[in-house]
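Each of the next two complexes has chain A plus one other chain: chain B in the first, chain C in the second.
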Partner chain A sequence: MRATALTPRHHHSWRNRPLLKTIRTIAFYALLLLLFFPFFFVFAWMIMGAFKTQLQNTAIPPLFLFEPTLENFDTVFRRNPMIQFLLNSIIVGTGATLLALIFGLPAAYSIARFKQQRLATAILIARIMPGISYLVPWFILFSNLKMIGSYAALILAHLLVTLPMTIWLMIGFFEDTPQELHDAALIDGCNEWGVFEKIALPLTKPGIAASAILSFVFSWNNFLFSLILASQATRPLPVAVFSFISYTQIDWGGLNAAATIVTLPVLVMILFVQKQMVRGLTLGAVKG
Partner chain B sequence: MRQAASDIRAKPSGKIARGKIHLHERWSRWVFPAPAVIVLLALMAFPVGYTLYLSFTKWSPTAVGLPEFIWFENYIKLITDDERFINAVGRTILFTIVGVSIQCVLGVSLALIFNREFKGRGFFRTIFLMSMVATPVAIALVWMMILDINTGILNYILHSLAGVRVAWLSDRSVVLWSLILVDTWQWTPFIMLIALAGLSALPTEPYESAVIDGANSAQLLWHLTLPMLRPTIMVALMFRSIDALKTFDIIYVITRGGPAFASETLNLYAFSQGLFYFNMGYASAILMLFFLLVMGTSLLFIRLRRAASEAM
Partner chain C sequence: MNKRILFLVAVALASIVILSACATPTQAPPAPTTAPAAPQPAAFNWKMRQGEKLRVAMVTQPWTQFVDKEVSKFKELTGIDVTYEILPEDQFRQKTTVEFAAGTSDVDVFLSMVAQEGIKYESAGWYMDIEKLVNDPKITDPKFDFKDFTTSGLGIAKLSNGKLIGLPVYNEFGALMYNKELFDKAGVKYPPKTIEEIEAAAKAIHKPSEGVYGFVGRGAGAASTSQFSSLMRSFGADWTDASGKAAVNSDKFLAAVKWYGNLHKQYGAPGATSFSWQQGQDLFINGKAGMWMDASVFFANVVDPKQSKIVDKAGITMAPGGPAGQTPYVGGWHLSIYEKTKHKEAAWLFVQWALGKEMVLKAQMNNITTSRVSAWESEEYKKANKYPEFGATFLQAMKVGNAQWNPPVLAVSEARDAIGAVIVKAIEGSDYTAEAAKANTKLQSLLDATPKLK
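So, the complex of A and B:
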């Protein structure tokens, strides 16, 4: 039984009166909607803005009913190599996610299996360091290696975000696999790698999928590393979108269209991994 | 399954297998995490070590020559003779304390509201989740539009209701608060979700006996729920504070630290010293002090969390 079942309202005598109950329900939803509104509104406003003309976007009073136009999307795609930016984001995100899985899965397995708690904690330091403290040395290093602006530099930088997260997420999933299967396989002559490959990995498929999606999302959202390490040709979407605001007069419609193009894929992807999200964000400190 | 495994183990051949397990364990525990550790060390240890080294030097990559070793000169200058730095430290701390406090109160309240069954719970939860995964750059751009002094909807509402307009992003005394607003919008759901996870894990027995003792709902909340939730809240606050101290994207996109440095936090100051003016040594010193600040904050919350757990 959860603590919720015992919320105190159950003990008030008027609880069963239907009218009061209805009022309570209405009040509850009213409060909820009030709190919820700002969170919803920003997205709604972004999407509406993407379908408005410049005049409609700057209209006073603000317009809620208008004839939608696709002009902004047309302009954004025509003036900018958006397909290239999209591809860049996908290449970097996929690379950083795959490498994070390749390096992270065995590490997480080992931490879960051999209870290497210190190693798990040490990985947290990746999160405490300010991102910029990596950037100056990376910038110098990648410059010397003539790697500035290459996908490889971007993928390596993003790996610092995706790898610790993958490890932390996967520790939990590996811990949840039954120890008995494990022991049985070892006794049947499997070595540790065999157990990992034939038992642990298949059992944690949902977790691997969730980690992969979250890694991809965090790489996709990353702005700072890409801002410094990307070139015109390898620029991922967030940096590209940011560069739109350097125009003298801000084209709000185009900006909203671009913002929508960046954010929408993330919002869709996250629908699949809601449960694992908190865990990803806290690097496993709370079982979410 | 457990039965079967122990059966096998009891047999003589099992003993040999058991020995083999230990042999496997011995190398596996090193080999499995090694690639990840090497990658992380390469990506982290080198930069951190290099930043530490640079912080004792004067160097610009655009100039000819090697870094010139100047010991603590950068640090001394920062602490005694750099108003921009001191202001940035104050601003970073203010941004974090105010923002995270508001988010904590709102987030825990939201979690208490959410901690029951009601129609549409999943839908509402999803929308709340979305604000914190949405691409920060995109969110920042949308907020720029909302906060625009002339055409923004927030000023339209304020003007209609109270007849005033606020220069959200161009008034030096307001801009940091506007950024706190955006940060709060994006991250309140984070605290809510962690608090919600904590709430659902609370034991029910204390409630049962308290109700028998005649406690009312306010007393239950104040004397039971919140104290029991405190360790969870501390974890949420720790992660939120680390991230708030390091906030970069929304500030850089919305204000770039302006107007006239009025929203320049440590992260932005280090960024402009290092990657704009190319004073690499000086920027590295800022980053080392910044790291100490974040590290100190983390340790503080780890302690607070331990204290909260022990108090229960």
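So, the complex of A and C:
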């Protein structure tokens, strides 16, 4: 009892001291900076490296102050058809995301509604299998269909990444939609498809947004499938970044410049949609 | 139900998009060529396979980039269309291995390294016998001059069964690069040739308080075994004994490990057990290391003003000589033809063009250490070469070198991991003999699991 009586007063007087308050604020941000430093540093180092010459990049000790150069970006765009690679990434990412939504949403709804747990597990297993084990059969299949190097082959391959993720994210969302609404709609004469379309889909919009964004990002970052199934002309960005690593030399400046170009669009996109995405993710995670 | 219809239309549209994308123009079948003309020694018919299409898969490295700039000339000369693909080493291996394993690859010509993947590729039947092509006058330019390639150079494209499965695009040897300025400052003579001279020089140069180290070299486990193989042979050891049994715990092998470990411990840079070529090169080109033992191919970086601070101070010699003499390893990439290619003659024409005398001399002038003696001894190159000792050392290394820089097993990386662990232990100063015994057992089991080449 005495303690609870004392604390507020103590707390009160403590709060009123401006100096302590400033220290507290500084300490808070210092700690924040310390925690985030490793994450920021990697990005900062990448961006700095993109503006350094090879000599500056390999200097011992590492340089933090230097005369920046734009030469690396020049090489990146001149040595590689970067715009083409960017376009390739966008086409494949959009295609794989759209198809994942078209097939994944009804699938997830059906699994959630009719409790098809086995089906859900089977889809998960398909995703857990290491991607490389699919590659040889895919290569045989696609080369017999004369599809190697086509966007279609890449999009279909990326579906292995985007489809299970969309389904698994959406199962949670659909399970969270109140059963009463379904029943009411059914009584009012809606069929199952109508319930899905008019009730379930509008209610799970944040989830759909989150799945779409994550699908796109995962497809954007996928390296292995793109490496094997793309041709020189359909190569997406991540594969292109590696062209700066050679057997006898690593062009650090070019590599960093290319990596910056690859990271930037995703980073900007995430900044714009992060609220939506976090809401979507947490909504799906907490079951009512 | 309007929306439902819309939804179905969207699905239908999507499938149309996919189907139409599937129907990307397929490769036109090669135009039927006229029957091979009777051999005319006067003028070799480069156009004999006009209209065909080749896919060439390359690893990112200087020679590849050099050819990339020239490849349009091949199209002019032969009328053969070339898709020229370049990928970094690891990604290249992943891609070609998957394609070849699938058996439906349309790669015709590719780069390879016998010491790394030779046994695997040969037992899978992926390499074409090059010697047969060389000896076929109908499809080989009489001016090709096969004998012009150095012996060790060809050695990097030969399997243990003697089959030649490629032609070298360039060669490298186990080298010791040194910083003349640091040697002068310490009052030591160069080039350092024997293990004793190297130890003495390292001792005199080593000043860790000033950030200068006597010797740098690879120490990162598996990455270190290739360079270490030069030293191993200088001590008279090898991966296997005369009967083909694993021998990486023989007394001579252990002596080499001990010497290498001690040199690192006493005169090396901190963190040596994580060093591959990048870390050694970074210290060396910044003038922070007296000597750097690594592949000669990196000398081009060391003398490139865009990358190096010691352009005028760098020297190069062969990897250290020991009690059993001086036997640097010889390596490099070779151009091979995929056994299942549908364009055998066109592929061979590409190899002849890319590795013909004219192109090789051009490559040599672009700082590539080619495998043709004629290029090294040409007046053109001799005049342009600013490092005459390099040319002499290279040709000498090609005479005495050994191309077996990897243990002769199928699972090369497993063997390298096991042997690399021994080197790490020696640098750390812990019990490397026990590790060597373990590595030897491992190597023997890998040797037992390696198919015998026919």
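Here is the rule we go by: the second predicted complex is superposed on the first by the 224 of 288 C-alpha atoms of A that agree within 3 Å, B and C clash if a C-alpha of one lies under 4 Å from a C-alpha of the other, contacts with A are read in each partner's own complex, and residues count from 1 in each chain.
The rule we apply is simple: contacts are C-beta pairs under 8 Å (C-beta built on N, C-alpha and C of every residue); 3 or more make two chains touch, one makes a residue touch a chain.
Only a predicted model underlies this, so the values are computations on that prediction, with no experimental measurement involved.
Contacts for A:Ile199 in the overlay, against chain B (first) and chain C (second): which applies, first, second, both or neither?
Neither partner.
Is A:Val92 touching anything from chain B or chain C once the two structures are fitted on A? First, second, both or neither.
Neither: A:Val92 stays clear of chain B and chain C.
Using the touch definition from the top, say if A:Val262 reaches chain B (first), chain C (second), both or neither.
Only chain B; A:Val262 stays clear of chain C.
After the superposition on A, what does A:Ile60 contact: first (chain B), second (chain C), both or neither?
In the superposition, A:Ile60 contacts both chain B and chain C.
Return the chain, chain B or chain C, that is in touch with more residues of chain A.
B
With the two structures laid over each other on chain A, which partner does A:Gln249 touch: chain B (first), chain C (second), both, or neither?
In the superposed model, A:Gln249 contacts chain C only, not chain B.
Which of the two partners, first being chain B and second being chain C, lies in contact with A:Gln232: first, second, both, or neither?
In the superposition, A:Gln232 contacts chain C only.
If you stack the two complexes on chain A, which partner ends up touching A:Ser143: first (chain B), second (chain C), both, or neither?
both
Which of the two partners, first being chain B and second being chain C, lies in contact with A:Leu156: first, second, both, or neither?
both
Both chain B and chain C contact which residues of chain A?
Comparing the two interfaces on chain A, one with chain B and one with chain C, the shared residues are 58-60, 99, 102, 132, 135-137, 139-140, 143, 156, 193, 224, 228, 239, 242, 245, 250.
Going by the contact rule at the top, pick out the chain B residues touching chain A in the complex.
Touching chain A from chain B are residues 1-2, 4-5, 8-9, 14, 17, 20-21, 24-25, 28-29, 32-33, 35-37, 39-40, 43-44, 46-48, 50-51, 54, 61, 110, 113, 115-118, 124-139, 141-146, 150-151, 153, 156, 160, 185, 189-190, 193-194, 197-204, 207-208, 211, 215-217, 220, 225, 232, 235-236, 238-239, 242, 246, 248-249, 252-253, 266-267, 270-271, 274-275, 280, 283-284, 287-288, 290-291, 294-295, 298.
For chain A, which residues count as touching chain C in their complex?
53-55, 58-60, 95, 98-99, 102, 132, 135-137, 139-140, 143-152, 155-156, 193-194, 197, 224, 227-228, 231-232, 239, 242-243, 245-250
Within their complex, state which residues of chain C touch chain A.
It comes out as residues 1, 3-4, 7, 10-11, 14, 17-19, 21-22, 24, 26-27, 59-62, 65, 83-89, 91, 94-95, 98-99, 101-106, 211, 278, 281-283, 285-286, 288, 295, 297-298, 300-301, 306-309, 333.
Inside the complex, what are the residues of chain A that reach chain B?
1-9, 11, 28-29, 31-32, 35-36, 38-40, 42-43, 45-46, 49, 57-62, 99, 102-104, 106-107, 109-111, 113-114, 116, 119, 123, 125-141, 143, 156-157, 159-160, 163-164, 167, 178, 180-181, 183-184, 186-187, 189, 191-193, 196, 217, 220-221, 223-224, 228, 237-239, 241-242, 245, 250, 252, 255-256, 258-260, 262-263, 266-267, 270-271, 274, 277-278, 281-283, 285-288
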